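Look at the two complexes coming up: chain A is in both, with chain B in one and chain C in the other.
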Partner chain A sequence: MAESVCRSLRDGALEGELAPALTIKDSLSSPFGFNVFSHILVQLSSHIVAGKSQSRGMVIVSLSRSPSSYTGLLKMNEVDVESSKKWIHILDCYTDPLGWKDKTRKSGDIMDPSNQILSSYKTVKDVNKLFSVICDLGRGLVGENKSRFCVAIDSLSELLRHSSMQSVASLLSNLRSHDQISSIFGLLHSDLHEERALAAVEYTSSIVASVDPFHHSVDGQGSYIRNSSEPNLTKGKLNVRSKRRNGRVRVTCEEFKVGPSGISFAPVSAVDGAAVAGLIPKVQFNLQLSEKELVDRSRVVLPFEHQGNGKPIQIYDGRRSLEESNNETTPISGGKKEESGRGEIIYFRDSDDEMPDSDEDPDDDLDI
Partner chain B sequence: MATTRTRVSSFSHNVSFLKSSQHPGLKNGPNGTTFISSGISDLDKILGGGFSLGSLVMIMEDAEAPHHMLLLRNFMSQGLLHRQPLLYASPSKDPRAFLGTLPSPGSSKDDTSHKPSHEKDLRIAWQYKKYFGEPQLNINTNNGGHHDYCNDLDLRKPLERHFFTSNNVDCVSIQNSPNLDALKDRCAEFLAQFSRNEGSISSAGRIAIQSFCSPQCKYSDMEWHMLSFIRSLKGMARSSNVVVVVTFPPSLLSPSCSKRLQHMADTLLSVRAIPDEDKELAKLLTGYQDMVGLLNVHKVARLNTQVPVILDATTFSIKLQKRRFLVFECLNQAPVDGSGGSSYGNSGVCSRSTKVGPLDF
Partner chain C sequence: MEHQGLNLMDQALGFHSNMTQQPWPLCGRFVLVEDCVDTSGAFVLHHILKRSFTSRPSSAVIFLAFAHPINHYDRVLRKLGCNLSSQRDNGRFFFLDMLMLQCPVEGKPKHDGLATVFEKIERAISELHPENKKFVTVVIDDISCLEVAANGSSNDVLDFLHYCYTLTSENGYALVALNHQDIYSDGERPAFMLEIEYLADILVKVDPLATGLAKDVHGQVMVLNKETQKQQGISSIKVQNFHFKIKENNIEYFYPGTRT
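Showing the complex of A and B:
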């Protein structure tokens, strides 16, 4: 259930530290970022209502979806919306982000006074003002004391569209270093932005959860084309990289499935070897043998071992070829036989009688 | 020219040992250069003495790990302990707050060398003992005091306030400035105090710039502006008795800008994060549990000479001994073919200082 991520957001920030910031990254090949975002939103909201989290309130900056969809989402997941004005506030940057309606409308504005959890924001391009409005709203929810609130940004992609990368990065870092903010999380569509903008957002966030297609290939470009013939509309993988306090990176992977009732997570079935070898230098020697090397080693014919096939033993002595040495020995032995026919020197070698004692002779396995 | 030294023999390394009367924070190096300590004794050993005065040290950050902050903390703290003025620039709103995290010298000095235990457990024949001692190059590792060249800094113990409330430390925030001209002026002012002249060096200074092209800075997309700033900073530093340390995250820059910055550095280091609880890495490396990251030394500064430094190893593991003291150790790799990794010669981006050859082991 994306447990570790929800837990880090729930636990929030320690004194004197930056608040944890989650970026959910998705792409066209696996467009389930919003499902993950809403899942985390619901989880965190239920923690806030139950009082289990560090943050006592939540500010949702909704840029790509209407605020009513959020209230609907919370109602659907049985989060207590009646008391919602005490702990949630939605900043509506969706209806009129650039303030066009004010310019065109002649009559008075039609703000809904009964809706206390909503306020509209009309100048998305002014990121500094957005920051101060978020802080004010949050402070309004939790009070001026030590309590904290968390911030959910519906779509960082929308923010990056309206203002520069520097201002969005400074907004994120200012939010993270604010005393009263417990955690922040936002959604980003990775194929809408340049590499540098993505790298900048990843740099400023402490947890990056990327929503990947189920059969994720290494090259990002190829996967879309391959998957379009067989689109997997329900399943995918969530790869999470979280920066831990000691400087290490925790990498986890989960499978998720999107259904009508929501999203469900499962631990990943197969673990593929991570590419850690790129981190450390290659060792110049290897003490272990691969499969092929083992097979080859068993096939090597050692020169003095029993070769067991009855034929004369091939011993390569390094100076002449094998055929030559065989041919040379036969005429010489023939010559010797002739001579012994005339002079009759019969010599019996003592050692002929001796049978090689297999228990004692250490050279038994050699055929010399 | 530097002071003349008597040669011991024609084959000596021609390094003179610490002249403690001069200044505890300075040490003479080869070819007329002077070293100041980086604050980490292992790093001083690796670099052959420390950072050369007048050089530009660049540290490449990893977006996923804050190890560059450890290096910066030690560097800044060592300078303050030696009463060397410091200029610190950072993209946060309140750089002064960072000074509260600077480490202080550790109180109990358990020896960092393992030799005494060696003597007890393993009795080495006397004629072989000379091969096991670490070559005592330049580092004086005696105990105590603030008058060491390099102190063992305890990262959990904050530095006493009196070190940085004096006029020694100047902090600049580069977050809101639209361009780098203001920072350049501050640096020029600082460097003017330490301009090099023919006489002996009275004091040295340190400049530390953290996360130079951080995305929240307004000038972070003005790449040529940043490059010209670093170039002029390097030129000014060359003629003064200051070491400049700049950290930057190369992943946030375009590849050509990142390469140019790397080439400008006199000493180039990079820190990298390692995955947590990774079984593959635990198999390949012994001591993985204690490691927090990796340090790569790509280039070592060599001023006044054309002879490059060739290191035995360029990748080191970053460990926190007792969670307090920063140490760098050579990697103990299992002899399993970690195929796919880069070989020693190519591990650095600028591997000018490492030789690559067929007999490279």
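Showing the complex of A and C:
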């Protein structure tokens, strides 16, 4: 639930614990990750200004959106950006991330010096320096005492593009371990990265919110919704997976809808379930298994399955009956050698619904 | 100034019939045109080029050409009723010939590569007459050749596109680029194309017909228009599909099945 996610970030970290970290994951088939990101940013900012959160300040690392869009976003949602007590700082890694504009402009920093909430950062490939700059800015907001601040990273995908997976994962870990950081959250586009990079970021996060299309498409290519008759171009599902302190994982699902006024969340409607069930084709024969059939199927002993009676694995090769071969103690040769006394063969039955033309031929190691 | 009615492509891109009164719909937006070998999407670039000159008097185009020399575009646009040479003389068309560009290899002392290309764009913009600076369109033809010029470094190309994109958000310029999607779609790096699709506000995808070549229909177009409120993200996604036929002096757009 989006509200519970906001609450977790608002409540922040306990003493001696890692700060909660949220990763918002989207893809081109449901490209609304930024909508969720901005919703959470606005909510958390309101809590900070109202003094209701553990954080007393927020550092936004903007890589894929201009800093002015964030100030505009907050003003639009009536969050006071220019209050006398400075609570927000935006690190601009968007305008000139690699220092190219320095070459054309004589002065390095053309930012308005009176703009106190903005700093430009021109070496986005240096993640270590980025970490220390974030910490310095945060301390500048809340002071050196026990007060905490939170960090929002506009696009973890941009960071992963500029530097290695290891450095981004260690940046996230370092931020979480920092004793003045209350919570962190970031946006990631799942179809831009390899599985291991995604896994690395997900491991370092305590909450992963996945922005999924409303109807799960068969096409796994991650392409945009091509069909113009698709009615749900502005709806989707938010699947949230949170790791709790006691180690349990909580998985929740919510529907969302985007519009000109922003994003709104609602519980998953029951109607959708019925609609999905109706997508299963109706055929004249029964594709399901009855209870008895399921039980009988589980009782079928496969030729190479361990009999469970301590005897060596027998092969029924068709030339003699099973009872006669019971007296034989010839171990089978080939791929399944059993050493007497030491070691054992544990055969894991393949999945019941394995495709008939899978790569692995079960008869490969047969030696008759 | 032309007063012809809007065709389907114009409507899909957000053009209005009374364009001098309405804001330029491509202001602050990135239009990505994706095509393939079977069906070239260059006609979309030509269409936008022509529209940007004819829609309002105070617009300018910075054209980065990696694929063809200026004579090619001159000939094509002339057939569409637009004189690039006179626009260039009026200071409204800047042609940056990048055909011979070869970025220095990484590691060599002057590895600025695409940073210098961006510098050229900024310089061209600064040399524009202030009157023409209000509606600037930067056109890149095309991204695949740009990648070749960058020695295959897709990261450099993405950085360059990011910088060009900052021109749209900072100054309200328009960015239009052509990419050949079949080069990247089933290679080891589909992420390169997806990165650019994420960046794009309007995606124009040009494909051949599923049924193959035809005399009267040259292909199909899908225009995906992300209406964003930049602050909050996407507010709606509009998708339009139609067919097209390229004729001698113009391009016809029509809904599937409306041509006999």
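As a working rule, the second predicted complex is superposed on the first by the 245 of 368 C-alpha atoms of A that agree within 3 Å, B and C clash if a C-alpha of one lies under 4 Å from a C-alpha of the other, contacts with A are read in each partner's own complex, and residues count from 1 in each chain.
What we mean here is this: a contact is a pair of C-beta atoms (placed from the backbone, for glycine too) under 8 Å apart; a residue touches a chain by one contact, two chains touch by 3 or more.
Because the structure is a prediction, the values reported are computed rather than measured.
**Q** Which holds for A:D212: it touches chain B only (first), chain C only (second), both, or neither?
**A** In the superposition, A:D212 touches no partner, neither chain B nor chain C.
**Q** Should A:L287 be classified as contacting the first partner (chain B), the second (chain C), both, or neither?
**A** Touch partner of A:L287: chain B, not chain C.
**Q** Report for A:D92: first if it touches chain B alone, second if chain C alone, otherwise both or neither.
**A** After superposition on chain A, A:D92 lies in contact with neither partner.
**Q** Is A:A200 touching anything from chain B or chain C once the two structures are fitted on A? First, second, both or neither.
**A** A:A200 sits against chain B, while chain C stays out of touch.
**Q** So, does A:G247 touch the first partner chain B, the second partner chain C, both, or neither?
**A** Touch status of A:G247: first partner only.
**Q** In the superposed arrangement, does A:D154 touch chain B (first), chain C (second), both or neither?
**A** The answer is neither, since A:D154 touches no partner chain.
**Q** In the complex of these two chains, what residues of chain B are touching chain A?
**A** These residues of chain B touch chain A: 63-67, 92-93, 175, 214-218, 220-221, 249, 251-254, 272-278, 280-281, 284-285, 292-294, 314-315, 318, 320, 331, 333-344, 347, 360-361.
**Q** What does chain A use to touch chain C in their complex?
**A** My answer: residues 28, 31-35, 37-39, 65-66, 68-70, 72-73, 76, 94-98, 100-101, 103-104, 161, 189, 191-193, 221-222, 224-228, 230, 233-234, 258-260, 262-263.
**Q** Which stretch or stretches of chain A touch chain B in the complex?
**A** Within the complex, chain A contacts chain B at residues 165-166, 169-170, 172-173, 177, 196, 199-200, 202-204, 241, 243-244, 246-251, 273-288.
**Q** With touch defined as at the start, can you tell me which chain C residues reach chain A in the complex?
**A** 112, 115, 118-119, 122-123, 155, 158-159, 162-163, 166, 169-170, 190-191, 194-195, 197-198, 203, 222, 224, 226, 229-241
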